[in-house]
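What follows is a group of structures, each given as structure tokens.
Consider the two complexes below, in which subunit A is the common component and subunit B and subunit C are the respective partners.
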Partner chain A sequence: MAWRLPELDRRIVFALVGLSVTIPILWKFHFPEFPSPMVRGVFERVDSLPAGSKLLLTLDYDPGSEPELNPMTDAVTRHAATKGIRIYYITMWATGPPMIERVIRQVLQKEFPDLAYGRDFVTLGYKPGNEAAIAIVASDLRKLFTTDGRGTNINAGEMTGSLRNLRSFDMVFSVSAGFPGTKEWIQYGTDTAGVPIAAGMTAVQAPLNYPYYPTQLLGILGGIKAAAEYELLLVKKYPRFADPAFPQEATAKMGPQTWAHLTIIGLIVLGNLTTLLAGRRGRR
Partner chain B sequence: MGAAPASGSNGATGGGSVNRKAILWAVLMGAGGLWLVWRVATGAMPAPWGLEGLGLWVAALLTLAVFSFLLGDNPVYKFAEHLFVGVSAAYWMVTNIWAVLVPNLFGKLFPEWISTHLLPGLRENGRAPETDWFYLVPAVFGILLLWRLSPKWPWMSRWALAFIIGITAGLRAIGFVASDFIGQIHGTIVSLAVWSDTGSFLPGASFNGLITLVGVLAGLCYFYFSKEQTGLFGRVSRLGVWTLMITFGAGFGYTVMGRVALLVGRLQFLLIDWLRIASP
Partner chain C sequence: MKRTVPLVITFTVGALLIVAYFIPHWPFARLRDDFNTFFDVIAAFAYIVGGGNLIRMHGRRAARQEAGWGYSLVCLAGFLAMLAFGLTKVFWREGAPGWDLQGDLNDSTLLFKRGYDNIFRPCSATFYALLAFFIASASYRAFRARNVEATLLLVTALVILLGRTFVGTLMTGWLPPSLEFLSIPQLSNWIMSVPNQAGNRAIMIGVALGIVSLSLKVILGIDRSHLGEKD
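Our next item is the complex of A and B:
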């Protein structure tokens, strides 16, 4: 009887995928990136915001999605900080506050030491309630927030004192890994408030949100590939970000990512071919 | 009679195989451990002490513990899984106490005490806000929810649950009708001939519009079950199935990309941050 690839021990498949990721990490195999029109559209939209604009950056994810979403959070934060855009972080996930504090510590405070908390960026922290909380942010943010994420009275803060609702922001950028996430921000927030929204999300989430593009959503950064494209656009527009002091995490991940994809494609093709050949021999 | 020796022979071979496997694993683990000790001793990788070093080692060993599931269920994986569940439960409880109960409930009902002892940020110009007695309503509803734990009066929690279900259903109905139903119909009404600002025809954008229109109509035909799917209607439904299959394929591709990205993230952590055998 002819041998078929599907009979292969699954541990060998795991080992092959593991090696296809490990070897490019060790020896730095990279492929060139080409920005897609959608990523370019999101980039240009953020880039068109004038200095002093208010960007609401919603980080609705947990440590499990960090490898995919941290790079786009960092890239958008760098972009906004360079432009002098005021960044407001918020999360609807209980696991979100450490994500916000990480980007503040590792990107804003490290790479932009001149920027100050409360003047150039602020965190509104975590609020539970999922879509209900988003609806309250859209209508009257002060009903939900008495302090910012670090315990400062919301009326006393330079950046938070003037906030009323979602219409107080010039743009929303949602980075999400599930529920509540981009979909809920569109349904209960930006659609009713009429505020433009762009989004970055895990690759798994991207197909579910494509129907909202382009009328309800300016664009989607889907997974690590789109984050790498955004990083490339950022480096092209602002060459100082090519310095190793500004890590291009998504670009670094794309080498192993592409090799793993090639391995998986090879296994799928080989599996189908061997099954086809085995079927033909069986019929004879 | 003949079966007994065969069975015994198989059993002996199986036992030998298990022993050889155990010895092989013990040797591999021992060699790996010695290699780690040597790297720590030579300063090639961080030592497992100090807050940062200990955190790094715990994270790395827990990652390996979870990866061990690829070889089969085992006690090390079970330990990591249970630890994750326990830590998550505690994290959620503490976060919700400080992000919800303290500022949004106790801070409204006892603003003076809370702003003095727990949350100074509640004070504005040195003064605590007025007590908002309306928040007694959510406080009572919250306590009612806990009655679910009572063996005698668990039904009392249903009042609070009814309130939650009612609010959620109403909110979701509005969200879906406005954004998904009307918004999506609006999003589907696209021009089939797209022109640029300078007046030139854009074939790519026009083709996208055509795919959207045909895909949506064919998909809707597939889900229309009041007419037998034969003839022209059947062929359009078939096109709808193809559209759905392409969507599922794209979704599967994206899922693979997402999962591989997570694997890359973990291996980068192990190879770069922990073992230090690769550069960032």
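Our next item is the complex of A and C:
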């Protein structure tokens, strides 16, 4: 058998992966999720913030990572907005401002029309300088920001007037896809300022940030699966989010991802069977 | 003079920043903040230098019609068009063009925003999505149990992959509570939290020690490669 099919042509592999993603998207397959202790920990920490707390949401990613990271940005934003937490957005990536504007437009303004820019949420926008910019935010934010992301004088803003440095915030939530990202926020920001930080990141980034958990990092949401678990916890705690008006993007994306993973597992098993059978035949 | 001045600057700034870390009080804390601000200003100028370099490199390649000059031309056209759209804030509203220097860069009628939303965003997402196909192909070819190390890698990969889906939970959901630690999601979490964490910490500490050593060499003027000299 194996000698008739020594290796699958890569075009067949590509076709299988394509089908395993396309069919679940079209048929909208949904699978049950079981929140992990790590995701539960992050959720409970955000949930424990009282109304009026200041949450700094750092969105350090680009359009390439949007499908994986937008769902967790949206879920944390919804969670904070529901709790009456004041949200401050910031980005250290030049491609970050559209990510901030998207979540403001698609989540805050659409799902929470009562919330107002400058009173309940604000964007500080983008600053170049990577870790040096983070270090300035940690020590004296006003040296870097004279206005918010929309050009309002930082002293005039209701939310920004009282900001001094990173200690002005009750918690930081970093959503990142690379450098500068969570690692730099910990090293140059939250660790020196003593501010708690939780993070959401692409699945490939997560293993690199585990060394900071649990002392320097409250928890990690790694990839779509963690975002889907967060969405589930959000729906359980606040049932109104089960309404289709609040799209559960990560939960919807878990269908294609699960089938793609199963396809890859199947391919790995098939590859090993081919090697095993070919080896036995060779020995004979 | 040409070498001494940069070496003195490097030593002074490096030594001051180290002292400021351990003594975060006036005047060191103030100096540290000022140096960070200087760095931020320099980083902003780096964009101009980077843009100039991009024009020079690709302009030369296109002018000489070297291999792949067509791609350089596309790169230059994209760069210059987006730069012009961003600086002038040209918009297209109700079938007519115009420009507004005070406009918001997130305004969807700006050509800059349209270029970002309709070209950069889909292209970027497409390239990232293509990785799935290459990862699948690479996994099929590379994850073969040819020896003990490869088998360990293979088993770890399978546990992590299954742990990232509900199938892992279904496969081992029947285990009694006393054996729950053997369930695939638990094993997946354990791999990430223990062996992965230990390995990554070891690498990070090694890298950090290397950076400390290299930084000391640069501060003390032993390593002068940043001045364009060979070791």
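Note that in this section the second predicted complex is superposed on the first by the 279 of 284 C-alpha atoms of A that agree within 3 Å, B and C clash if a C-alpha of one lies under 4 Å from a C-alpha of the other, contacts with A are read in each partner's own complex, and residues count from 1 in each chain.
In the analysis below, contacts are C-beta pairs under 8 Å (C-beta built on N, C-alpha and C of every residue); 3 or more make two chains touch, one makes a residue touch a chain.
Small disclaimer: the values here were computed from a predicted structure and weren't measured.
When the shared chain is aligned, subunit C comes close enough to touch A:133, but subunit B does not. Residue contacts after overlaying the shared chain place A:153 against subunit B, while subunit C stays out of touching range. Residue contacts after overlaying the shared chain place A:218 against neither subunit B nor subunit C.
Of the two partner chains placed around the shared chain by superposition, neither subunit B nor subunit C is touched by A:163.
By the touch criterion stated above, A:17 is placed in contact with subunit B and with subunit C alike. In the superposed model, A:187 lies in contact with subunit B only, and not with subunit C. Applying the stated contact rule after C-alpha superposition, one finds that A:228 touches neither subunit B nor subunit C. Using the contact criterion defined above for the overlaid structures, shared-chain residue A:64 touches subunit B and also reaches subunit C. Once the two complexes are overlaid on the shared chain, A:203 sits against subunit B and subunit C alike.
Touching of subunit A by both subunit B and subunit C, each in its own complex, is seen for residues 14, 17-18, 21, 64-67, 97, 127-128, 132, 135, 144, 150, 203, 206-208, 211, 223, 225, 257, 260-261, 264.
The residues of subunit A lying in touch with subunit B in their complex are 11, 14, 17-18, 21-22, 25-26, 28, 64-68, 94-95, 97, 125-128, 131-132, 135, 144, 146-148, 150-153, 155-156, 184, 186-188, 191-192, 202-204, 206-208, 211-212, 214-216, 222-225, 247, 252-253, 256-257, 260-261, 264.
Listing the residues of subunit C that touch subunit A in their complex gives 29, 32-33, 36-37, 39-40, 43-44, 46-47, 104-106, 113, 116-117, 120-122, 124-125, 127-129, 132-133, 135-137, 139-141, 143-146, 154, 157-158, 161-162, 164-167, 169, 185, 189, 192-193, 196-197, 200-201, 204. The part of subunit B that touches subunit A in the complex is made up of residues 70-71, 91-92, 95-96, 99-100, 103-104, 107, 119-124, 129, 167-168, 171-172, 175-176, 178-180, 183-184, 186-187, 247, 250-251, 254-258, 260-268, 271-272, 277-280.
Of all residues in subunit A, those touching subunit C in their complex are 7-8, 10, 13-14, 16-18, 21, 31-34, 36-38, 62-67, 97-98, 101, 127-130, 132-133, 135-136, 139-140, 143-144, 150, 203, 206-208, 210-211, 213, 223, 225, 257-258, 260-265, 267-268, 270-272, 275-276.
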